[in-house]
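You will see chain A twice below: alongside chain B first, and alongside chain C after that.
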Partner chain A sequence: MAVSVSRRVREGFGAFRTATRLGWQIESNWADPLVFAIYSIIKPVAASLILVFMYLVITRGKAGTELFAYIYVGNAFYIFVGGVLFGISWAIIDDREHYEMLKYIYLSPIRIYIYLLGRGMARLFISAISVAIALSFGALLLKVPLRITAIDYPYLFAGLILGLGGVIALGIILAGVCLITARHSWGISESVAGAFYLLCGVVFPLDVLPRWAQAIGVVLPPTYWIEAMRRAALGEEVAGVSQVLGRFSNSSLLLVLLGTTAGLMFISHLFFRAAEGRARRRGLIDQRTDY
Partner chain B sequence: MSASGLVMNLRAIWARAYVRVVGANRELSWLFFDTFLPLLGTSAYVFIYKAMKAPPEFTGFVILGGAMTAYWLNVLWNMASQFYWEKEQGQLQLFLISPTSPMVILLGMALGGMFMTTIRAGSILILGSLIFRVQFTVQQPLLLALLFFLALAALYGLGMLFASLFMLYGREAWHLSNLLQEPVYLLSGLYFPVRGLGFWVAAAASVIPLTLGLDGIRQLAFGGAGWGFLAPEYELALLAFLSIVFIYFARRALRFMEELAKREGRLTLRWQ
Partner chain C sequence: MHPAIEVVKLKRLFRKKQARRSWRTVVALEEIDLEIQEGELFGVLGPNGAGKTTLIKILATLLLPTSGQAFVDGIDVVKDPRAVRRRINMVSGGEHSGYGILTVRETLWMFSQFYGVPGKVARERINELLRVVGLEEEANTRISRLSTGMRQKMNFARGFVSDPKIVFLDEPTLGLDVGAARDARNFIKSWVKDRPGKTVLLTTHYMTEAEELCDRVAIIDRGKILACDTPENLKRRVKKDSIFHLEVAGLDSWEGLHEIAGVKQLVSTPRDGFTELKFILDHEDVLPQLLGKITERGSRVLYMRKTEPTLEDVFIELVGRSLEVDTAER
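Showing the complex of A and B:
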């Protein structure tokens, strides 16, 4: 029995590694490494600069305020949310519709969960590079008060692991949705990511939203994750920017994250199993819609 | 061109546009995603300005930018990358062995795309304006309409040029379109007045028709806001010039790339 478990773990790890490598190849091998590096830098920097210029136009060139740092850092960490959600759910569409390999993955002895996590991992890695680039750009050129020595690393890593766990669970839920839908699969992940961008107060304090939108925002896990990342990177002073989230201490933010991530993982498991069962029953695993 | 040739080309334009026009009506669920989705992002930018206590016209600037984003996305994904999708589905070779010119196919794509996107952009504009109570003070409506149509002509001319240049691409087409999103949003000042980039950067960014079109529309739709880059009359003239240049080069590029693709045997390659 012990041999069987260790063998399954070994095989699972091998499948995960292969899926991650495949995801990385799909993402990056269309260009030589230099072009890919430039591509990876331009997008996050341009997205950050949009916010920077919006801010500078209004403040007539004055950066370096607390609100500016709040907006900038929130936007930088949000790259993870879009990247991971899209990466995991898009793997279903890509493999089913484009490469037509999803049915073969189901025929192989690997677990689809592990495969999806591996494919998402490649996006996670690319997102991590983009986040690092955006934060470095902000610290070096835009006076965002990010000091390597002042970052609360234990809090940052604890929050990062919990938050990413939650986002991965959400990605699995979206992958389940993609399994049983023919159209708009791309739109579903973008809609969810867009809703989080707006309702979680990623680029503004939650307080400026109407009350009904605030009520939705405070039940969404990424709200707490992004806030935790801001506090880890900028210090606890940044908690004063939002009165709604300022009520939460650093440790209570982590507790909320822990609870919501555990809940999301459980729900994502149930949902994906149900979606998978439905897809098998209705013959959707190998459908090709050309949509 | 003979009369029968003209009729054939006009029918081909209509046939290619028809797919998009009818597609837009048959599959109405896209309206939800294509209106709701950009409205989410646009609303987030509105709330950033609200957090900064920006003057009210900035809400209108963002809503207009959000609406114009729909055109840029259409140009990227349904013009520039279109031949890549057609190649993947095995349609490109059918277009090229038909007796019509590929330019005619591109023109049909552009007209169909404009129709479909105008519904999308109009919905974003109307919904966004109602939700955030945007006050427009339109000056010179005729000039505004001209500026808008010339911006579209130049924009879709650029799309036709991109489609020609992207003809040989495989997956690169997807990535290039992806790459041309945020940097163009930045350079064309979709969410802030392009003057904020400084004169020379804004001047260089004016090669993207969205920059001049949006700047002119903002000046005429929010009279006296004082954030314009160039006078709308100059922007109109520049857009007319860009339209001619882009369509001319699209035609030349299409011929060149078609020949090259035939010589290299890349017109029917899939899963690159």
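Showing the complex of A and C:
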């Protein structure tokens, strides 16, 4: 029963499309479309406003500065990280604990990566809308210097694709963790997203972190990704805010992002395979933990 | 040609936590050997906890064995799980799993796509399966609105939507009403009969189901295969014995009945207002002595009949207890 490459590709694409559809139905199911649309707008705006008010209180009302734009844009793009990490890893918990369908997904011939990626696509799509809303809100009402004509689109898209690749790899690692843990699965993706928020220079430039935290931050792809997104959106001048990342030119930043993303993808593959083996050894794939 | 399923010295141990830092090792499967040929409808019969589900989970690539080997369609389930998954599907009975937000048809369609079934074939097959399991009217109903029985029917249909070469049915009729269970059994029978080369491995603790459906049956208890043969040959093991079924009122204890010479096995099941006793005797001559012992205790025999051997009797003879009692106790 040898299966041709073209058939595998066709089946893989069909399975991805089906998993994406399932993910979208699960994500958008809890409310009617209008409520869901309103929620999708309010959530990023509210999250941005929290940050804005914190910044205004600390700087005593100095909006519109370079640092404010640096923080605001980084924070807006970080929506992707939380969304994709949560979307991919949550699929394991949701399918195993809630729907009790993970074992049937597992014993189908679909590659589990394709399935998880499909399930995460809905969150990615919602996150993309949230990012666009947050950036528009910043540009229109908070004087963030974002001009549609000034954005470096090729750099933005190249960085976006590489960065998302890194976040997906992180999501796969977290999915592996969820596969072999029970008690703590629920909070893992949120905890990791929170830690990355601090370590990847999203709100504070890496320079203000202690040395050990900087050492962690410089090996994480989202650090370079967020920086690349800022430069694409705000221009290369923003590179001066962080001295640690400022020494990279735009192209070398993209190269480092490529390298760290490739490394992370390789690690995530090894880790997920190991987690899967452990889950099969311990009989965790269809285990309901009920925590 | 290789067997559809081959199991060689398959062993599976579990560690169960008893208290803090205290673990107990449970033997789920103890070096079992099994060979199931292509086209067979093979039954694994045993009480809850006998190791039936563990066996299916290993064959379905969900669980790794502790030692030994298992092959599905000649493929090692440990070394090449993806190749195995292309050939199999599985149905677990008594489950109410499902994506509540999808309809029955959407669920079946989704799984057909995960198995790479072409669209036209999938649509036709889904319609056929919906008809077979009696869910035609509920085809566009969300899973969350289905009763437990309907969810199980949907789950049953899901197991066949890929038209697998080998299907594992783990207690497939558990929790189904009588009519639905009969329909499911009929479908399983015709599925194997009408499609040469298809193989079914079915686990059950319903004797009649195993007897009605299976070409061969393995009786399993506490991780060991105690016997494996056709239902007829298994029953022949106890054919020379006399099997009596008694209903006795006022029987407080059946101690001592076991010790009567010629009583091979005795199983007692308390019922509402009476006790059901099943005796396997070496020969009928033992009966008067047995009835005397019962009436001596002031008990009354309400009903007595001699029965033809069933798989239940084979199980009692092999294990020393009734499957029904065993299952209820666990």
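FYI, the second predicted complex is superposed on the first by the 285 of 291 C-alpha atoms of A that agree within 3 Å, B and C clash if a C-alpha of one lies under 4 Å from a C-alpha of the other, contacts with A are read in each partner's own complex, and residues count from 1 in each chain.
Heads up, the rule we're going with is that a contact is a pair of C-beta atoms (placed from the backbone, for glycine too) under 8 Å apart; a residue touches a chain by one contact, two chains touch by 3 or more.
Note that the structure is predicted; figures quoted are calculated from it, not measured.
Undergrad: Aligned on chain A, chain B and chain C: do they clash or fit?
TA: fit
Undergrad: Classify the contacts of A:S191 with the two partner chains as first (chain B alone), second (chain C alone), both, or neither.
TA: In the superposed model, A:S191 contacts chain B only, not chain C.
Undergrad: Touching A:I42 in the superposition: chain B (first), chain C (second), both, neither?
TA: Once the two structures are laid over each other on A, A:I42 reaches chain B alone.
Undergrad: Students often get this wrong, so check: with C-alpha centres, what angle lies at chain A between chain B and chain C, to the nearest 10 degrees?
TA: Between chain B and chain C, as viewed from chain A: 80 degrees.
Undergrad: Regarding the shared-chain residue A:G240, is it in contact with chain B (first), chain C (second), both, or neither?
TA: neither
Undergrad: Examine A:I105 and indicate which partner it touches, taking first as chain B and second as chain C; both and neither are also allowed.
TA: Only chain C is touched by A:I105; chain B is not.
Undergrad: In Å, how small is the closest CA gap from chain B to chain C once the two complexes are overlaid?
TA: 6
Undergrad: Where on chain A do chain B and chain C both make contact?
TA: Residues 99, which sit in both footprints.
Undergrad: Touching residues of chain C toward chain A in the complex: what are they?
TA: 14, 57, 60-64, 73, 82-83, 85-90, 95-102, 109-111, 113-116, 158, 162
Undergrad: Which residues of chain A touch chain C once you look at their complex with the stated criterion?
TA: So the residues of chain A in touch with chain C come to 1, 3, 7, 10-11, 14-15, 17-18, 21-22, 25-26, 29, 99-101, 103-111, 115, 277, 280-281, 283, 285-286.
Undergrad: Using the touch definition from the top, list the residues of chain B that touch chain A in their complex.
TA: 27, 29-30, 33-34, 36-37, 40-41, 43-45, 47-54, 58, 88-89, 170-172, 175, 178-179, 181-183, 185-186, 189-193, 196-197, 271
Undergrad: What residues on chain A touch chain B, complex-wise?
TA: 30-31, 39, 42-43, 46-47, 49-51, 53-59, 67, 71, 98-99, 183-184, 187, 190-191, 194-195, 197-198, 202-205, 208-209, 290
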